[in-house]
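Next come two complexes built around subunit A: one with subunit B, the other with subunit C.
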Partner chain A sequence: MNWELLGFAFLTGMLLYSAFKVVTTTYITHAAIYLAFTFVALAGFFLMLSANFLAAVQILVYAGAVVALVVFAIMLSQRQDYSGKPIEETRTEKIERTFGSQYWGALPLVIAAGVAAIMIVIYRQVVAAGYWTSEPGPALEDSTVAIANELFTKYLIPFEVVSLVLLAAMIGAIILTKREGQR
Partner chain B sequence: MTDGLYILIFLLGGMAFPIGSILVARLLSPSYPEPSKVSTYESGEVPFGEARVQFHLGYYAYALVFLIFDIEAIFLYPWAVIYKDLGLFGFVEMLIFILILVVGLVYALKKRVLEWM
Partner chain C sequence: MIFDVLIPEIVLTVVALGLLLAAAWQKEGQSGSYLGYLGIVGLLGALVALWPAIGISGEVFDGMLVADELTMFFKALLIVVGILVFLMSIEFVEKNHIPAGEYYALLLFGIVGGMIMVASADLLAFYVGLELLAIASYALTGMLRNDHKSQEAVLKYFLNGALASAIILFGISLFYGLTGTTSIQGLADAFKVGVNGTDSLVMAALVFLMAGFGFKIAAVPFHLWAADTYEGAPTPITAFLSVVSKGAAFVVMMRIFFVGLESLTVNWSAAFAVLAVITMTVGNLAALWQKNIKRMLAYSSIAHAGYIMVGFAAATADGLTGMTYYILAYALTNMGLFAIIVAMSNAGLGEDIDGYKGLSRKNALYAWMMVVFFLSLIGIPPTGGFLGKFLLFKASIGANLVWLALAMAINSAISVGYYYGVVKTMFLNEEEEEEPQKLPTTANIGLVVWITGAMVLVLGILPSFFIELSSQVAKILP
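What follows is the complex of A and B.
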């Protein structure tokens, strides 16, 4: 049995299903949870590509902090804006709501399928033209060490600039969220 | 792929623990529901209103500051991995990185973002 293929299939299923549920579920808190699952599945892909550090970033920052931020935003919003009640509907109504609205029909689905088809065609063309090899290069023995060695020597200045960017983001966030005259 | 195997074992173990406890609790515990038993527990008081309340908007800044420091913490991982090789140079490097962000923390404290509202 091909374990890699099995893992890939599992992660793909998890990713597609949870991403689909993020936009179609009627509970807004459930959407946040599904978003977390989407991020975790993506982290799984990074792990399969032996990008361990990237997987850790994905879990900690996206599945952890960003989803927490989304949940915060839900908690802080007005209650009227959010409908915690499930919509009572029949199966056909649900399918109709999920796959097509009155005005746009199945347009999003068609666009997504079209983009996917175009990407596959382009990828095949590029591989056939020999720009990319279809075989991946050898995986790094320890990608975290490789990243660290580059980051803390060659890219030292960009690394320090990152902290300035984060500082600017933090001050900007405080200024924008704190209202005038509020202590 | 052995590292991946460890992660898989941890993942399965982590999932089995809550699922297992819930299942065992459901199988072993007696269940005689009645209205007062299944109602929401609110320190013995009769619950009223809804569970969902709107929290103070000021806490959003809290979450944003948390996000920033989470990203900062991420950089400590690769740094810790090669800390021995970097030596004092690496220490000073990370010190500068953190000190710049401490400025942001001081700013947040001054703006009273981290206070109870």
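What follows is the complex of A and C.
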């Protein structure tokens, strides 16, 4: 039994399913919970790649803080009924809504499938051309130290600029959601 | 000291944070104009702070940023354009009850983002600069919160911009996978040894990168968001988007394509030639039908992106010089034009071309300056736009792309159609007999119009100094 492959298959299934549900579920709170599952699955990938620190940050920041904030935002927003109501629909209607769109029919699905096909071809090429070896390199002894060193020496400038990006995003979010006359 | 390179960015960031703090103490109903003037002082300070970095050249901060002629030229241009946007914003922000502190701070953040972009020597640094500029632009586009169009504009801009960023990142990740580096110079080195430039994988990465940039500069067929966004955004922000967001993306493209992907020149120059022709033609044809002047200028700015891409198609030092000069002339021309549009909208005359009826008798300065700016956009002497087009023309002939030069000439002729329509409305409308109410020239807008008008003429009549500066930019070529 190849445990690594099994783990990979499990995480992939979890990631794809929950990401799909994030955009198709009609309960907005469920979407937030599925989002948390997506982040956890992604953390699992980082763990499999021996990026322990990234996995921990992924869980703490994304699955923890970000999802909690999303849920808060849903609850604090104007809508009284934040749980979302189940839509009364037949089975065919549900399939239509999930896989198609109102104006474009199944076009989004076709585009998504096309993009997926292109990605698969590209990644097969990558492996075939031998640019990315399938053999894993030696795992870093201590990835936290390595990341910290890179982040605060070589990548210091982008790191500092990111803090400005976050500030600008925060101001922008407040401005765009605040109504005129409200202070 | 190596930090000398970053002083202008640091100054602007500190001023932006200061504006945010100052706005917190702003009293209810108090005018926010002083925040705008403080921002202008900060920008002037940043312009002076470019001075210490003049002697420094080469990669700095472990190859994240680079200091050279190209960086210096465009940082200075960004700051000057920033000052012009601030000047034309002050009255507009007052009239439309836009929160002044946040507005001016975000504008400064956007300019800092643009400056990081033009100075980046690494794709990672470029990307964070791009995001800073983009996020500031999204928020600024939606600043008219009770205006339906502004909200539509920000949604379209945000979704398209996020998609474009994702596509660019995917392209970068493929290049990283191929070469093991995100450094632009490192890419060039990797293609010289080992990595096969004709590999279909390299082509895929190139396509992703070009498509992503295509969105950012609103090249056809990635332009669909541009008209709605430009129309709905607050008018000074439309000017900002059409000059800063577009220009900074072009400058980064110069460095990535001319330096980093130099070995692939054959591939991308051909693609850019096709994109250039489609973009300028579609932009100009669509502009012919517009009734709203901002929408018309949106399509016109799409067409201008097409003209600028001719420099990439030529892929020579001449092409680079031409693009630099063109961006300079285009930036100043657009700033002047939009300043007048802001003045018109401040006066309550609206944004429809019909609202410009008889402008020549209401305010002769605006009407005549608009003629100068239109001449520059068409490319007729004695304006800067003419010389920019001439340089690009020369570059495309020099690169044996006569058909491209021909397409440019035909397109310039098409563009006369819609610019002339506006001029006709301004001058030749004799219906009303009585003298129309005068439209006074306000100090800030007047200043912008005089500065840009004079510069556009200087660029057309006494160009040698600026051509020399632009040709210095071509030094980035290996």
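By definition in this document, the second predicted complex is superposed on the first by the 136 of 183 C-alpha atoms of A that agree within 3 Å, B and C clash if a C-alpha of one lies under 4 Å from a C-alpha of the other, contacts with A are read in each partner's own complex, and residues count from 1 in each chain.
Assume a contact is a pair of C-beta atoms (placed from the backbone, for glycine too) under 8 Å apart; a residue touches a chain by one contact, two chains touch by 3 or more.
This structure is a prediction, so every number in the text was calculated from the model and none was measured.
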**Message:** Touch test for A:I147: subunit B only (first), subunit C only (second), both, or neither?
**Reply:** first
**Contacts of A:R91 with subunit B and subunit C, given as first, second, both or neither** = neither
**Message:** Let me test your reading of the model: by the given contact rule, A:V126 touches which partner, first (subunit B), second (subunit C), both or neither?
**Reply:** second
**Asked** Can A:I171 be said to touch subunit B (first), subunit C (second), both, or neither?
**Response** both
**Asked** What's your read, subunit B or subunit C touching more residues of subunit A?
**Response** B
**Request:** Classify the contacts of A:V162 with the two partner chains as first (subunit B alone), second (subunit C alone), both, or neither.
**Result:** both
**Message:** Contacts for A:A65 in the overlay, against subunit B (first) and subunit C (second): which applies, first, second, both or neither?
**Reply:** first
**subunit A positions touched by subunit B in one structure and by subunit C in the second** = 156, 162, 164, 167, 169, 171, 173-174, 178-179, 183
**Message:** Looking at the complex, which residues from subunit B come into contact with subunit A?
**Reply:** 3-4, 7, 50, 52, 54-68, 70-75, 77-79, 81-82, 85-86, 90, 93, 96-98, 100-101, 103-104, 107-108, 111-113
**Asked** Which residues, counting only subunit C, touch subunit A once they are in their complex?
**Response** 6, 13, 20, 28, 61-65, 97, 99, 102, 105-106, 109-110, 112-113, 116, 122, 124-125, 127-129, 131-132, 135-136, 138-139, 142-143, 145-146, 154, 174, 177-178, 195, 199-201, 204
**Prompt:** Within the complex, which stretch of subunit A touches subunit B?
**Reply:** 47-48, 52-53, 56-57, 60-61, 64-66, 68-69, 72-73, 75-79, 84, 144-145, 147-149, 151-152, 156, 159-160, 162-164, 166-167, 169-171, 173-174, 177-179, 182-183
**Message:** Can you tell me which positions in subunit A touch subunit C when the two form their complex?
**Reply:** 118, 122, 125-126, 129, 131-132, 153-158, 161-162, 164-165, 167-169, 171-176, 178-180, 183
